[in-house]
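Structure in structure tokens, see below.
So that you can tell them apart, the chains are marked A, B and C in the order they are listed, and the count of residues begins at 1 in each.
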Amino acid sequence: MFDVARVVEAWPLLAKGAWVTAQLTVAATAVSLIVGTLSAMLQLSGLRAGYWLSRVYVSAMRGTPLLVQLFVVFFGLPLLGIRGEAFLAAVIAIGLNSGAFVTEILRAAVLNVPRGQIEAAEAVGMSRWQLWRRTILPQAFVTSLPALTNEFTILLKATPLASVVAVTELTYAGQLVIARTFEPTEILLTVAAVYVAFVLCLSQVSRRMESRFARRWSIQ
Amino acid sequence: MNSEFTPAVEVQDLRKSFGDLAVLRGVSFTVAAGEVVCVLGASGSGKSTLLRCVNGLTPATGGDVRIGGELLGQRETAPGRREPLPEAERRRQRRRIGMVFQLLNLWPHRTAAGNVMEGPMIVLGMTRKDARERAERLLAQVGLLDKADVYPARLSGGQQQRVAIARALAMEPEIILFDEPTSSLDPELVGEVLNVMQDLARRSTTMIVVTHEIGFAAEAADRIIFLDEGRVLEEAPPLQFLHNPRHERSRRFLEQFLSRSSAFLSSSTPPPAGESR
Amino acid sequence: MLRSLPLLAAGLRWTVVVAILGMALALALSVVLVAMRRSAHRFVRAPARIYTEIILGVPILVLLFIVFFVLPEAGIVIDPLPAGLITLMLYYSPYLAEVIRGALNAVPAGQIEAARTVGMSRFRIAQRIVAPQAVGLMLPPMTGLFIGLTKDTAILSVISVAELTFQAKQVISRTYAPFEVYVLVAAGYWVLTFVLETALRRAETSVTRYRRA
């Protein structure tokens, strides 16, 4: 049966793991947003080379398992002289992987910005960069907020993979406890419950953000 | 099959409520075989619900509908005792009532001919060849033989509604119900659909038509039923109803309507291309 | 490196087998979930909904550990391969069910009513009117999920299912060239998902031809 004492005993370690999971999620989300935005801009910039670079990046990330990508980064970093940085490798791999999906989301959103608005901005004499920064991107981010939140939920659910390169996030913390006690049931179910709670929190936050933007810009 | 004196449709004290909202509050009328009845009324008067109850798409809350004398959706087990009909029997009854809807709802994955053939093949068990022959004959009748192998996405709204009429005719129903068949069409496409319907009327097809096209009602209807707040307020031949309505509410309805649609009344549209036979 | 190619090829074959079996199982369970969620009884709908909510919040790796390590505690001992397949099925079926549900709901009600007025039976309506259109609507989102499932077979390497990623680890333990082997393996997955995506896109084009014809 479910023995609560085992959970209580393991809790300090699990809580530390949960904190690392949160850090990992936030850092990878930042990488994902930055890379995804740049990649989307590159793809729509009109530069032939930029377009293909972005397409190949998206295709490679979407076509291969994150686990394998993580290994490639983890074993690739030492070749660049960066050693023993499992957390960094996980942030890069998860961030780059998610960035491909963010590229696709933003690309669709940018293409949906009404043509007239872009012409209006051009008529005011905005530069290309101003056009992107002041007219296109803000709208693209707001309209794609639901899709982006969904993507970052998926990102959160991918962070346990970092356990395979021994990042002591939540899942690895759980494994460490189990390796000592040989009692997987309580620990694994608790770990699963913490993830469910994380996901619920994330969707709450995003719902708030969506309704705030929706009210301010009166977008449905 | 039916005696000359059995009405094609007999509606008795039909009632329908959605929750607390009573949409039909005891509607009664009959339609003789070969008769064309137009149902007029303001929006929200219960016209569409009436048609949906007549063909059994929406179950009525009370009252009876008889098609060719046969009770719809129920059967009498003993005098005064009734039970709901089994689903297969209800389907058999529905085949006898054709329906053309307000919204364009041809099946998009079937060609025009495919839409017409579906019922005969699947429900009547016709061979593909026979169904195809029937479909071609009916598409010719609505002037669309040349569009037989075109998918709905490539047809105009008016053409789609004409195919929908052919689809309803293909089951050789005893009566066809039209639920505002032109109200989701662009104005310039209304005429071709009304012409097909008028042609059907001339062929003594039994029809109940819910419409806002008063011009059509004036020319094609044998009788007009004016529905108001879920009741039949007035029932009269078209000329009498249009020129000398008995009730104040009918008069107000007509005034509002004629002021808006006088343009349609005067315009007479040319017959559809395939009408010559 | 070259001598390890046959081992990697064997791993790739297993990846294909596991992915196909996983898709079939997930699809089967998703159909059950859809049927449950369309049921008239609350007590049938509720478990399916709660199950979906939970799975949406649990990472697949954690689910795999639960299936592989917790079930034996309850007396159900399963081998790695079945445990992996069960995990893929449990994890992907709610997502597939949502896609199927959405596609079924997207077929306009008016078309179904039109079929009813012609006197078609429920089965015939499902078969001739709803299914042909719903398949076209569900294929694009399903393609994404099936690609996700194919990629997630790599996670089964963690419990020693002898698919491509697991074989890669075996090869690395002999060659000590992890970066090169994983790049090669990534290429293998890339080809696999490309073939899958192309095939499913072809299928979608052919079932939705009516929209353009």
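Here is the rule we use: a contact is a pair of C-beta atoms (placed from the backbone, for glycine too) under 8 Å apart; a residue touches a chain by one contact, two chains touch by 3 or more.
From a predicted model like this one, the values you see are computed outputs, not experimental measurements.
**Q** Let me spell it out: compute each chain's centre from its C-alpha atoms, then which one is farthest from chain C's centre?
**A** Most remote chain from chain C, centroid-wise, comes out as B.
**Q** Give me the ID of the chain with the smallest distance between its Cα centroid and the all-protein Cα centroid.
**A** C
**Q** When B-C is set beside A-C, which has more C-beta pairs in contact?
**A** Answer by contact count: A-C.
**Q** On a C-alpha centroid basis, what's the spacing between chain A and chain B, in Å?
**A** Distance between chain centres, rounded to whole Å: 56 Å.
**Q** When the C-alpha atoms of chain B and chain C are each averaged to a single point, how far apart are the two points in Å?
**A** 46
**Q** What is the distance, in whole Å, between the centres of chain A and chain C, each centre taken as the mean of its C-alpha atoms?
**A** 22
**Q** Quick check: in the complex, which residue numbers of chain C touch chain A?
**A** Chain C reaches chain A through residues 54, 56-63, 65-66, 69-70, 73, 147, 151-155, 157-158, 165, 168, 178-179, 182-183, 185-186, 189-190, 193-194.
**Q** Show me the residue ranges of chain C that touch chain B in the complex, using the header's touch definition.
**A** So the residues of chain C touching chain B come out as 108, 110-111, 113-122, 124, 128-129, 132-133, 136, 210-213.
**Q** Can you list the chain A residues touching chain C in their complex?
**A** Those residues of chain A that touch chain C are 59-60, 62-69, 71-72, 75-76, 79, 157-161, 163-164, 171, 175, 178, 184-185, 188-189, 191-192, 195-200.
**Q** Spell out the part of chain B that touches chain C in their complex, as residue ranges.
**A** The touching residues are 55, 57, 87-88, 91-92, 94-95, 97-99, 101, 103, 105-110, 118-119, 122-123, 151, 153-154, 164, 167-168, 171.
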